[in-house]
Each structure stands twice: as structure tokens, then as C-alpha cells.
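Shared chain: chain A. Partners: chain B in the first complex, chain C in the second.
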Partner chain A sequence: MSSLAILGAFLSLAVLTLFPAVMVISTRNILHAGFWLLPTLIGVAGLYAMLDAHFFVVAQVLIYIGAILVLILFALMLTRDVMNPRAPQHNGLLTAAVPICASLAALSAVLLARHPWPAGRPPEAAGAHDQTVALGRALIGTYALPFEAASVLLLAALVGAIVLAKAPQTEPPSAERTDCSGGEK
Partner chain B sequence: MSLPPLRRPAPTRTGFECDRAFVAGQFAAGVAVLVAAIAVASALPRLPWRLVDPALILIGSHPVINALVKALTVTVFVTIHVIFLIWLERKFAGWMQARLGPMHVGWKGALQTIADAVKLLMKEDIIPTRADRVLFVVAPFLTFMPTLLTFMVLPFSETWVAYDFPLGILFVLAVTTNISLGTLAAGWGANNKYSLLGGARACAQVLSYEIPMAVAMLAVVTLEGTMSLTEIVKNQQHGWNIIAHAPVMIPAFLIFMVCGLAELNRTPFDLPEAESELVSGFHTEYSGMRFAFFYLGEFAANFFTAGLAVTLFFGGWMGPWLPAPIWFGIKTIAVVALFMWIKWTVPRLRVDQMMGFCWKLLVPASVVVFCATALWVMVAQP
Partner chain C sequence: MTVGLSHYLILSAALFGLGALAAITRRNAVAVLMGVELMLNAANLNFLAFWRYLTPQGMEAQVFVIIGFTVAAAEAALGLAVVLSLYRDFGTLNVDEASGLKG
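Our next item is the complex of A and B:
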């Protein structure tokens, strides 16, 4: 592939990732915000594909779109009052947020500028099968402990979520039904 | 003055008993041929069949043209074969319910689906006033696109595969889960309580059942040591997985089939579109071409899941004498017929039964099968 084609592919993937990302935070309909995440995550998968990281392309689609995004949307549909256009989009922490984000952006810019990027053609990437084998070996070999620690963390989160969800059952359940039909009264 | 005697219609032969016997005979003959074919296929050593591949001659070698032609071929195939599948389903339902099914358009109603498609195309396109227009319009395509994508990696023969992806199984899992996004969008977009319930049910069902399905497919991966669908078929040259590794592969196949039925929203798992309680669930408000897209996606997914079962457990395109894609087609249609048989036999489950069955039985069972497969590989394979 010529470098112009690579640049074009990268730019279109960047637009595909960034424009919906802006829409996610700016749209007033929270369900639409959830659906705008879809092109963003596909764009990130495309960037992985450009880097020849085949396993991560598939894992990105499988986990981020197939599981997490679906779960977010599912939870939104069971939430009350998600479509209220009068709900505020900001909280009062603007003065704290702007300096923190600005310093984070500056730090990232400095780090990126200082990084010795390799020039010229990158070496040929391993095939998808070999990559997957190498990743599997690393996960049960070198990185077994972090991997298992992450599993324990997720398990703790799972148990915690169940405990939190079970708590309100001490009160008598309210007879009012959840209105999830988009403000239709 | 006397009235002319009432003209009574001539007693017509209902044709009912006669035709039922006829259809049953046809079906029995079909099953007999199929059984004979399978018996012959498993008795003889598998002959690798190298078809002179017209696709390769046509496509040439330019990557862009190659990709375009393949995409077009897959799309056309998916659209055309659904016409046949819908006819088959209606005939099958008719046979199971002791009636004839479509009979009037074409031979034994063979062109009925085309007539229906034309009707759907010409229908008024209705979008409910208070619907979420964008989601409502996008949803049918969101449902159909993942199904279309899965056909990209399905091997019809050694060379008849659009993209021989080394991580084929993972790709299939990743893409098929996205179908639930479309059903969610449809359920929400229609702004209808039944649609919303149907969409939520579909989502919960697909999310739950994809876990045991993935684990059952991983059992096959453990056995074969590869995620490429083509490689998996090639490894079955000396015996189908389900026969050669019967103790672990038969339970894996059963789990795969049950989860496949659930992912396809077919009875006994058709709760998302339960006609009697949800008025067709997430596609209640759809009409015309948008409705047709849901159906297209559903039947294409049906064929794909059957094809995947054939690839993983029944030796894919392998078979004697006939060209490989034809063998693949025969086996896949047999599994599709199995799906239809189950659909028209079993009643619908309740929601809690459906979820309980998955999480309390299928998930542990699939993990057990997976561990057993790992042991089987260590013991049986030197």
C-alpha cells in the first residue's frame, strides 16, 4: 500500500472515530449518545486493523461493541427518564475540570513529542494465528498474575453490583411502573 | 313462479389426504436420500474435490476488483437463497401442520416468496409519528449487516470463501453479537411498549446465550488448534468431528444447536417476537421493505448458523463425488430443516425459564464440555 493510501485510510478512520465521539458527549438524547458510540468503536477497530493487530480488531468488536455497548444500551432502556431534554448536561465542576484536562493534554503532547518514533518501513507483522498464539502464551505465562488480578477485580465488581442492586428490596416495592417510553404520558 | 334450484357447487376433492400422503412421501424420499448420502459419505474415504473454480477465473487478481466481486457475490447469494429458504419454511410448516402451504404461484408455490417480496416493496412505508425516526430507519440495516458480514468467512469449499480469516471463529462471534444492537434500536425506535419489551428480551437472550455458544465453539478450537474455519474443515478429512470425537463433540453440538436456536430467535426461543403476547415484538411497527429486511436477516442468519454447525461438526464441504459447494449446501439445508423441525414442534418457553435454562444449565454444561475436550485432547491426541 502506498503511503498516500495509508494516510487516507488513517484520516478517514480518525474522522470516523472522532466525529461520533464528539456527538456522544454533545447529543441531548442519551440513547442516541449510546448509539453514536458504535461508529467510534468501529473506527478504533479499524485503527487496530491498520496496525496489523488482527486479534485486537476482533476483540474490540466482540467486547466493546458486542458486550459493553449492548449492555450500556440495555441498561439505558431500563432507566427512568432517560430522554428528558431539560436535564442539565453539565455539572458545576468546570473550573476544576478545565485545568486538569489541559495539563493532561499538555503532558501527553510532551510525551508524544519526545518519543523516538521509528522512521521508515515497519517490520512485517506476524500472521494472525502466530499473534494469537503469542498473546495466549503471554497471558498464561509472563502476565499470568496481572491477568488473574484483573479477573478478581472484575469478580469483585460483579459481586458489588449484585449487592448494590439487592439492597433496596428492604423497602416495599413501589407500585409505579417504570416509564421507558420516551416521555409519553 | 318457481325459483331455479340453488346451484350447489360441485363437490370438489379437497385433495387433503391425498396430498398429505404425497408430501409425506416426498419428504420421506428426501430423508432417505440424505441418510444414504451421509452413510456413503462416512463409509468412503473422503475424496478431496477440486472444482475448476469459475470464481477465480472471473475475478482475476486485482485486490479491489476481487473484493468488490466477492462482496457482490455474497450479497446476491444471501438475498437469493433467502427466497428459497422462506418457501421451504412455509412448505415445512404446512407439512408439519397437515396443510399444503403455498400452492398457487409457480410450481407448488415456489414463486410465492417472489410475489411476497414484490408486495412488500410496493407497500406504503409507515413510520409512526412519535417514533425515534433515525433509529427506526437505521435498525433494519443494523440487524442485516452483521449477518451479511458473517458470510464473508463461511467456507463453501476450499477456494469458495470470500476471506479465509485465520481468526474466523472469533470474527463470527464478534459480528453476530451486533445483531442485538439492531433489535434494540428497532425496539426503542418504534416508541411502542410491545416493541420495547421485545427489544429488551432479544437483547437479554442474545447476550446470555452467546456465552455457552462461544464456549462450545471454543471446545472445537481446542480440538483443532486453529480458529480458521477452512483449517477446521481440512482437519476433518479423516472423519467428521462429531463422529471422530463423539464423546465430547456430541454434547458440544447439542449446546451449539440450542444456543443457535436462541440467537436466531426461533421457537422455542422466539420470545422477542412472540405474536400472542408481544404482537411480534420489536418489528411490530415495521412494514414494507424495512420489515422485509428483518426477515432477510433472520433467514440468512438461519442458513449461516446451520452452515457454521456443518463446518464445525459435520466436515464442512467434504464429501465424495459431488463438488464441494454442493455437499456444503446439502448438509446445511439438512441442518436448516432440523431447525425448522424443532421450530414447528416445540412450544415457546417463558422468559424466566429461558434465562434460567441458559445460566443454570447451559453455561455450566458448556464449561464442563470445554474442560472435557481439553482432557480428551491431552489423552487421545499424542
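Our next item is the complex of A and C:
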């Protein structure tokens, strides 16, 4: 592929990633904000494809779009009637946070652009098959301990999520708990 | 003009800034979670860009991205459990109103 085509693909993926991210912040309807997250995640998956990270394209679609985004949409739909869509959707920090976040992004962008990174395209990456085989071998070989630590973290988080989300029925009903315990007079 | 490492880094800096903006300014707790997800995506994009351009033979960046995915999944599950109990106990999802720990 010519370098111009690669640049065009990169720029369209950048727009596909950044414009929906702006909409996630600015849209009033919170459910629409959740749906705007979808093109951002797809754009990031496309950028992974441009970086030849084949495994992570699939993982991004499966985990971020298939699991995390669906979980977020579930939470939005379960709680949609809580917030009045005509009430302000941003807190009083908006006027201060916009210049701060913009200057944070601009400053890091300037610093990263000025650093003398090795220019040009690196040598060809391995094919999808070889790359995934090497990653799998690394995960059960050299990096088995970080991988297991990540699994334990996920297990602990999921158990904690179940405990947190469970209704407090086992506690003795006290005066301020009676409205939550359901049905007991 | 070719697409270099700095292009990806600038893009992910912009994505991180937008995620931080969402996490700071949104009033809905689930929208704050979405901002955190955007920031995690920017971090993962940085890891993979550095891997591709600087250490294409190494495995460290990919292992970090796998841990990043795990942390994002754990954060989403725990965050939504917190959101549901916030809804149950306070009847609101507005993070400004859930100020029980404010001094």
C-alpha cells in the first residue's frame, strides 16, 4: 500500500475515533453517549489493525464492544429514568476542565511530537499466526506470573461486584434499611 | 509523508484528554465510567504503538495490553455494581449528590 493510502486510512480512523469521543462528552441523552462509544472503540480496533496487532483487533471487538460496552448499555438502560435529560449533564467544572484537559493533551502531543523517535516504518511484523503463537507461548512461559495476577484481579473484582450488587437481604432490618429490604413491615 | 510513531502518540494524547474531560465533567456516574474506558483505550493504543515501532520483537507491550484489557473489564464490572448500589441507596446517579464522604 502506498504511504498516501496509509495516511488516509490513519486520518479517517482518527476521525472515527475522536469525533464520537467528543459526542460521548457533549451529547445530552446519556443513552446516545453510550451508543457513541461504539464507533470510538471500532476506530481503536482499526488503529490496532494498522499497527499489525492482529490478536488485539479481535480482543478489542470481543471484550470492549462485546462485553464492556454491552455492560455499560445495560447499566444505562436500567437507570435511564433517574436523571432528567433536561437537567444539566455537566457539573460546574466544565469551564475549568476544558482548557485544562485541552492543554494537557496539547502539551503531551507537542512533547511527543518533538521527541526524536526512530523515523519510518519498522521492518515487517510477523504474520497473524506466528504473532499469536508467540504471544500464547509468552503468556504461559515468561509472563505466566503477570497473566495469573491479572486473572486473580479479575476474579476478585467479579466476586466483589456480585457482593456489591446483591441486595442487602441478609442484614437484620434496621430503621433506615426497611425501605431497601423489601416487603417487611 | 508516512504515518510514524508520533502520529499514534498524538492521537492517543487527544483521546486521553477527551476521556479525562468526560470523567471530570459528566454528572452521570455511568458517563464517568465511559470516560475512564476512553482513557484506558488511549493507554492501550500507546502500548501497541510503542511495541510496533520500537520493540517489535518483544512481548512486554502485548502482555501489558492484556493486563490493561483485564483491568478495563474488572473496572466496568465493579463500577456498574457501585452504580447499582448508588442507585439503590441514594436514588440518584449524579456523582455530585453522592457526597457522603465530603468533609
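One rule holds for everything that comes next: the second predicted complex is superposed on the first by the 136 of 185 C-alpha atoms of A that agree within 3 Å, B and C clash if a C-alpha of one lies under 4 Å from a C-alpha of the other, contacts with A are read in each partner's own complex, and residues count from 1 in each chain.
As a convention for this text, a contact is a pair of C-beta atoms (placed from the backbone, for glycine too) under 8 Å apart; a residue touches a chain by one contact, two chains touch by 3 or more.
This is a predicted model, so every value here is computed, not measured.
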Can A:Ala67 be said to touch chain B (first), chain C (second), both, or neither? both
Exercise. Considering only touches as defined above, state whether A:Leu78 meets chain B (first), chain C (second), both or neither.
Key: both
Now for A:Trp117: first (chain B), second (chain C), both, or neither, which partner does it touch? second
| said: For A:Val98 in the superposed arrangement: first (chain B), second (chain C), both or neither? | reply: second
Comparing chain B and chain C in the superposed model, the one touching more of chain A is C
Margin query: So in the superposed three-chain picture, is A:His129 touching just chain B, just chain C, both, or none of them (first/second/both/neither)?
Written below: first
The intersection of the chain A residues contacting chain B with those contacting chain C is 55, 59, 67, 71, 74, 78, 180
In the complex, the residues of chain C that touch chain A are 1-11, 13-22, 24-28, 30-31, 33-35, 37-38, 41, 44-45, 48-49, 51-54, 56, 59-60, 62-63, 65-67, 69-78, 80-85, 87-89, 91-96
Contacts from chain B onto chain A in the complex sit at residues 130, 132, 134-135, 165-167, 170-171, 173-175, 177-178, 180-181, 184-185, 187-188, 191, 193, 196, 199-200, 203-204, 207, 210, 226-228
Residue positions on chain A within touch of chain B in the complex are 29, 31-32, 35, 38, 54-55, 58-59, 61-62, 65-67, 69-71, 73-74, 77-78, 127-129, 132, 180-182, 184
Per the touch rule above, chain A residues touching chain C in the complex are 3, 6-7, 10, 14, 17-18, 21-22, 24-25, 30, 33-34, 37, 40-41, 44, 47-48, 50-53, 55-56, 59, 63-64, 67-68, 71-72, 74-76, 78-79, 82-83, 88-91, 93-94, 97-98, 101-102, 104-105, 108-109, 112-113, 115, 117-123, 125, 134-135, 138-139, 142-143, 146-147, 149-151, 153-154, 157-158, 160-162, 164-165, 167, 180
